[in-house]
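Letters A, B, C and D name the chains as they come in the text, with residue numbers starting at 1 for each one.
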């Protein structure tokens, strides 16, 4: 299908740019880790609170870092009139959306791995119920990447883009944040059955946000 | 039974104040916009 | 069917009417030169034809597609050389070209041919951010060439070119026209541009003087408007 | 509405609001359990209802703007006007909820599903209003704002559902939620009904005025634009341009 071919083209382009510029690796990932460290400063690590709060702190750190990833993904399109080039290219809007969201999702997946190790090491968490953790992470990543990409193009080309994106994205992803945190809590607390409703909620969020993006990205790109 | 009139007064006061401020702002802007619209014609 | 047909087109840049009611016809095989002072609306005219700027009022058709309703379909057939390269700083020249070609469904060979044609072989593996201004100009042309478009829109293509590249450019444009493709170029370098142009229209203050081809200056039926 | 009809409607609204205030503050009795804090309910309920109504109107107007057959600048302006009034009422609702919660629940804030959802709603539409302010012309504004409004509105039930679920899964029994369980006295019911009615009329007044202001401003911009086009042509063509 040509849409998937075009999406792959865009995703490969974005990931290649990230590999060259190393912004994700050298700036966004360290940012996520420093947020984890700061949370530990803010919460007294001696009282055993950190392992209990770990799921929430993990997702909060990821959410903050994901805003940077979204902004970076659209900053790349700002220079040299690249967004005009993208519109002129004749690529399908839905394909551009899928490609850009997939590239952001890949970066978030890398970030989750690093933050996961960080949480295990710094917050003294023992991973359990790998399947629940994995499914939660997959669904939440897709939902975050898709929502971020939609709002990234909503704000693209505006003078206030970088400050507007967090204001738009953060309230919109509260269900994702809530669901992912609860699912992780249940999995790590040893009651994986309680996690399933949340995983389903996350799955629904992921599907919905992808549908919205596929439908809306093209028209939004035209207006940007 | 607590009466809590302080909370009631604060709630009604802030609501009235906010609505008056917004309404007044709207009224002023509207009057000025109407004036400039009739001047322009 | 004219390639471009525009009537009373108004385009806004912010709140400024950059095009204030432009009329323009371009036929297949034309090399149309748009001349005129700075700020007259030449760039906006080209961007409007490319579908990057929406029409505020008036009508515009490119390859028969009504730009008021569909600015996307015509883009598969056209290429725009603007002031910027539309390329990514962190990719190399070759990667940028191949991305542009692949997006237009052209093979990598088309990208590599354009690379050679504009003498970019030596900088093919250098990141876009490290190119000189002259190399960027050539890359812009190469991107347009790699798309193998039927309508070439060029904004000041002669600016900052050395004599060799200028000759290459002229050869490309003349070659394109002889193959039945259409060229619209906005230029201040009138000596060079007039040497290859088949027609000239003057853009002044958002209007196009002489934008209608001689044959169509007589009163004519309005272009068929199929409103979807 | 004609000028006179607007005045009559506005006058009736003000009279009803005054009657509501008298009923709410003096006539209706204090609640047996909640005391006089119960009187905040007469403001809290209508502001909450109007917050949702306003955002529903915004979503509806945005959808009508997106639908090609009904596209008209008025819908875009109505969406913005309603969202602005909605944010005002949402802010008031949060403030009132907090003031009410303090004596009743003992805290300024309770992570109650309704309060939390409304807080998220508040920020969603603050973002929407910020987005509206960024565009120069209504043409640029239209599509991205309409889509953002629809996404925000679609997000509301998901937020409400997930927050509600969070409550039932983890905090059963800890939330004392007396809101509509109170025995409603006859006078209280009448007061509440009247306050909802008068506030809804106030919403209509404010939104229509805001819409009218936006339309006047839009009209002025349109005239300025036409002037700019004429000037641009005239500046280069002292004689009327011979159009071919």
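The working rule: contacts are C-beta pairs under 8 Å (C-beta built on N, C-alpha and C of every residue); 3 or more make two chains touch, one makes a residue touch a chain.
All figures in this text were calculated on a predicted structure; none of them were measured in a lab.
Comparing chain C-alpha centroids with the centroid of the full set of protein C-alpha atoms picks out A as the closest.
Across the two candidate interfaces, C-D and A-C, the one carrying more C-beta contacts is A-C. A separation of 54 Å divides the Cα centre of chain B from that of chain C. Chain D has its Cα centroid 47 Å from the Cα centroid of chain C.
Inter-chain spacing, taken between the CA centroids of chain A and chain C, is 38 Å. One simple way to say how far apart two chains are is to compare their mean CA positions; for chain B and chain D this gives 14 Å.
Looking at chain D, no residue sits in touch with two or more other chains. Contact with two or more other chains is made by no residue of chain B. Across the assembly, chain A contributes residues 222 that each touch 2 or more other chains. By the definition of touch given earlier, these chain pairs are in contact: A-C, A-D, B-D, C-D.
Against chain A, the residues of chain D that register as touching in their complex are 120, 123-124, 126-127, 130-131, 134, 140, 142-144, 147-148, 151-152, 154-155, 158-159, 161-163, 165-166, 169-170. Of all the residues in chain C, the ones that touch chain A in their complex are 50-52, 71-72, 75-76, 78-80, 82-91, 95, 99-100, 102-104, 127-128, 143. Of all residues in chain D, only 136-137, 139, 221, 224-225, 228-229, 232-233, 235-237, 241, 243-244 touch chain C in the complex they form.
In the complex of the two chains, the chain B residues touching chain D come out as 1-5, 7-8, 10-12, 14-15, 18-19, 22-23, 26-27, 29-30, 33-34, 36-37, 40. Residue ranges on chain A touching chain C, taken from their complex, read 6, 9, 13, 16-17, 20-21, 76, 79-82, 84-85, 87-91, 218, 222.
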